[in-house]
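Okay, so chain A shows up in both of these, paired with chain B first and chain C after.
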Partner chain A sequence: MNLMDTLYSFLPDVLTAEGFAGIADEAAGVVFLIMLAVTVAGGIIACNSERLVRAVAGLAVCFVGVAAIYYFLNSPFVAMMQILIYIGAVCITIAFAIMLAAPEDNKKPGPAGPLSGPLGVITAGLVTFGMVGLAIKTQFPAMPKLNMGSVKLIGVQLLTSYSMVFELVSIVLLIAILGSLVIARHGRSK
Partner chain B sequence: MSILNLHNSLTTYLVLAAILFGMGIYGLVTRKTLVGMLIASELVLVAASINIMAFNRFTAPDPSIGQIFTLFIMAVAAAEAAIGLSITIAVYRNYKSVDTEDLVDLNG
Partner chain C sequence: MDLTIFNAIIAVVIAIAFAAANAAYLVLAERRGAGRIQRRPGPNVNLFGILQPPCDGIKLMTKQLVIPGGADKALFMVAPVLAMAPAIMSFVTIPFSDTIVAHSMDVGVLMIFAFASFGGMAILLAGWGSRNKYGVMASVRAVSQNISYEVPMLITVITIVMMTGSLNLHELASAQSGGFWNWNIFPVSLKDGFMLQPLMPVSFLIFFICSLAETNRAPFDLGEAESELVAGFHTEYGSMGFGLFFMGEYANIVIGASLITILFLGGWGCPFGLFPGVWWFLLKIYLLIFSFIWIRWTFPRTTIYGLLNLSWKILIPISLFNLLLTAGLLKVF
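== the complex of A and B ==
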């Protein structure tokens, strides 16, 4: 046994290659659990908080957790786009809507309707229960992978196989911009 | 299966998506203002995206197609948020309120 092997045997398990791989797997599991909790907590704040500003902040927290979950699903590009589009655009837009059109002072107390309260909880619970049951009971056969879904491949397919959809989404966005301008502009001069 | 290995099973992601979807439904039926309903509808959209991405990772033969689909969902969600904002502002300008109980007048 030479000197290197002697030194190597004194190292703790974490610093060896196999030990580090095991620790990294467990760390990934812990990070996944934390992000799961962040997502669910953000969702609860978003649908339950009394003030809408807190709801939109909870929505942003939920979107951060969802971006981490996309990262765990082998899609770092979609995770980045999630943060860019959902937190950077959608949450900011909703925050503007709150500031422009939902003042907190003339809010009416009381329930929203017959479905708020216990009936709303039951409705959402039944939907969730049904979907969870289906997800747990069903066997989904996995097909062999053709590729790894890299960012380069996404770009190539977006501009070759799916270029038609790409253009259609551009038109949808253009019409949405024009339509929102027209709707919000109406009655402004009064 | 260990709890630290949850991120390698399809069921985890499907259950998470179902929970987010249920929260979105709950917000949609409970909220009293249009902006609150807009926030809840974003939760529903994100649950659908997680579902698609989970199947894309675990069962689909070509994992790039689901990512492209999710990108399109994001574009449509951004368009929906913009339209929702403008409708909310137009309603507020006409009714001086975005409370759903006040919006019972069809002859606006």
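== the complex of A and C ==
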């Protein structure tokens, strides 16, 4: 421990525990903005790339950004589940489907829908205006911290207060599995 | 100690150094082991070929980075980084001993599996980005393999987590402290009185097989089946791009061995309760890595159908049954 203390004394203030705690609050906002930028950038890549695989990669970047925000908001469990499920399962399944279906590259987009062009810009502007207005007008009361993102409490909550939701989600998943089985077995003799 | 920028930087540097050193010297160990098993010397210039890894490193780093004409440049460049970086991240939460851990997390097990799932993404992007038919086929294979072996692996982890009641790797390891009779791999635990877990060896076997498959090691290395697919998903990669894939593979092997050690073999504990510490941890992971190398050069490669059948028809039912029975036993005793 003495060695570490000696090492600390040579460091600039920012790098020591006290100095770091001082700038941590200010740095938090910057970190949050970086995460937000990563999420938005991923979303833009996902929407605007012509190659489908690139769109999936953009989606993965977007999910990483969201996971980082969860971690930042003190729920590491949700962050890890976000990565495990959305990148480890959802993105890979989508990419897998793209590869098996082998679509032509650089396919021309289909005819534009009625909301493209000026009308689309107006719609997007109105939605953004509404959301920003809501965000600015709403008072966000600081909620008391429920727990330290502890897995045990999440589990207890899921199996007591929210057990109905939990069971319903599992039924949805069961139906999805059955549906995929029905589609996959169609036309097979055994 | 509080987490400061200073500590975080030191932890990351140590993690990168540990991963890189292991990657370099495990290649040498693998080639020596292969030589031994195949009755040939292997790299043997300069004291057991001890200078081979630095020479390989210099060679890889000074080679020109060739991007094939039709490749998707961005994905082609991103894939090797994506193979290496998450592996290094996982080292952050692995406890090497009672005190040596960069950041002990409550959800450590989940974190390692979450970052391991980036590996599948890296292989997919590499195969697709290089726009090579062998690459695409290999990446489809490797990813279907990764997905199907993740299922029994996670189910097996649940049995361990149920017994210990924690997702923290540090707690999982310290729950087995004392001596080898407390380790999770053995069916009888004397930790808190007499406790019978007859299915633990089964769990260990499933987890061991799955970690071989998850790290794309032979006999499950269908992603780079040289006899059919040239070099699989990294066919088009040369110089350091290939080097990063290789380092990522060995870093993943070290993580797999660490996970087996922590979950089943008592982590940093001594078999006889003497001098627990980081040396026991390293001894155990290197013994496991040796067994990985031994298996790789002993068994021939399976077919893709055999591989997927093994997971979906054998390992998943057994692991589900194992989970139910362990839960029942926990309830009864």
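Just so we're on the same page, the second predicted complex is superposed on the first by the 136 of 190 C-alpha atoms of A that agree within 3 Å, B and C clash if a C-alpha of one lies under 4 Å from a C-alpha of the other, contacts with A are read in each partner's own complex, and residues count from 1 in each chain.
One rule holds for everything that comes next: a contact is a pair of C-beta atoms (placed from the backbone, for glycine too) under 8 Å apart; a residue touches a chain by one contact, two chains touch by 3 or more.
Quantities reported herein were computed from a predicted structural model and do not represent experimental measurements.
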{"item": "Which superposed partner A:Phe96 touches (first chain B, second chain C, both, neither)", "value": "both"}
{"item": "First (chain B), second (chain C), both or neither touched by A:Met131", "value": "first"}
{"item": "First (chain B), second (chain C), both or neither touched by A:Ser150", "value": "both"}
{"item": "Contacts of A:Phe77 with chain B and chain C, given as first, second, both or neither", "value": "both"}
{"item": "Chain A residues touched - chain C or chain B, whichever exceeds", "value": "B"}
{"item": "Partner chain in contact with A:Val66 - chain B first, chain C second, else both or neither", "value": "first"}
{"item": "Shared contact residues on chain A - chain B and chain C", "value": "77, 81, 89, 93, 96, 100, 148-150"}
{"item": "Residue ranges of chain A in contact with chain B within the complex", "value": "25-26, 28-30, 32-33, 36, 39-40, 43-44, 46-48, 52, 55-56, 59, 62-63, 66, 69-70, 72-75, 77-78, 81-82, 85-86, 89-90, 93-94, 96-98, 100-102, 106-108, 112-113, 115-117, 119-121, 123-125, 127-128, 131-132, 135-136, 140-150, 153-154, 157-158, 162, 165, 169, 172-173, 176-177, 179-181, 183-184, 186-188"}
{"item": "Residues of chain B that touch chain A when the two form their complex", "value": "2-7, 10-27, 29-36, 38-40, 42-43, 46, 49-50, 53-68, 70-72, 74-94, 97-101"}
{"item": "In the complex, chain C residues that touch chain A", "value": "1-2, 4-6, 72, 74-75, 78, 105-107, 110-111, 113-118, 120-121, 124-125, 128-129, 136, 139-140, 143-144, 146-147, 150, 167"}
{"item": "In the complex with chain C, residue positions of chain A that touch it", "value": "4, 8, 11, 14-17, 20-21, 51, 53-54, 57, 60, 76-77, 80-81, 83-84, 87-89, 91-93, 95-96, 99-100, 148-151"}
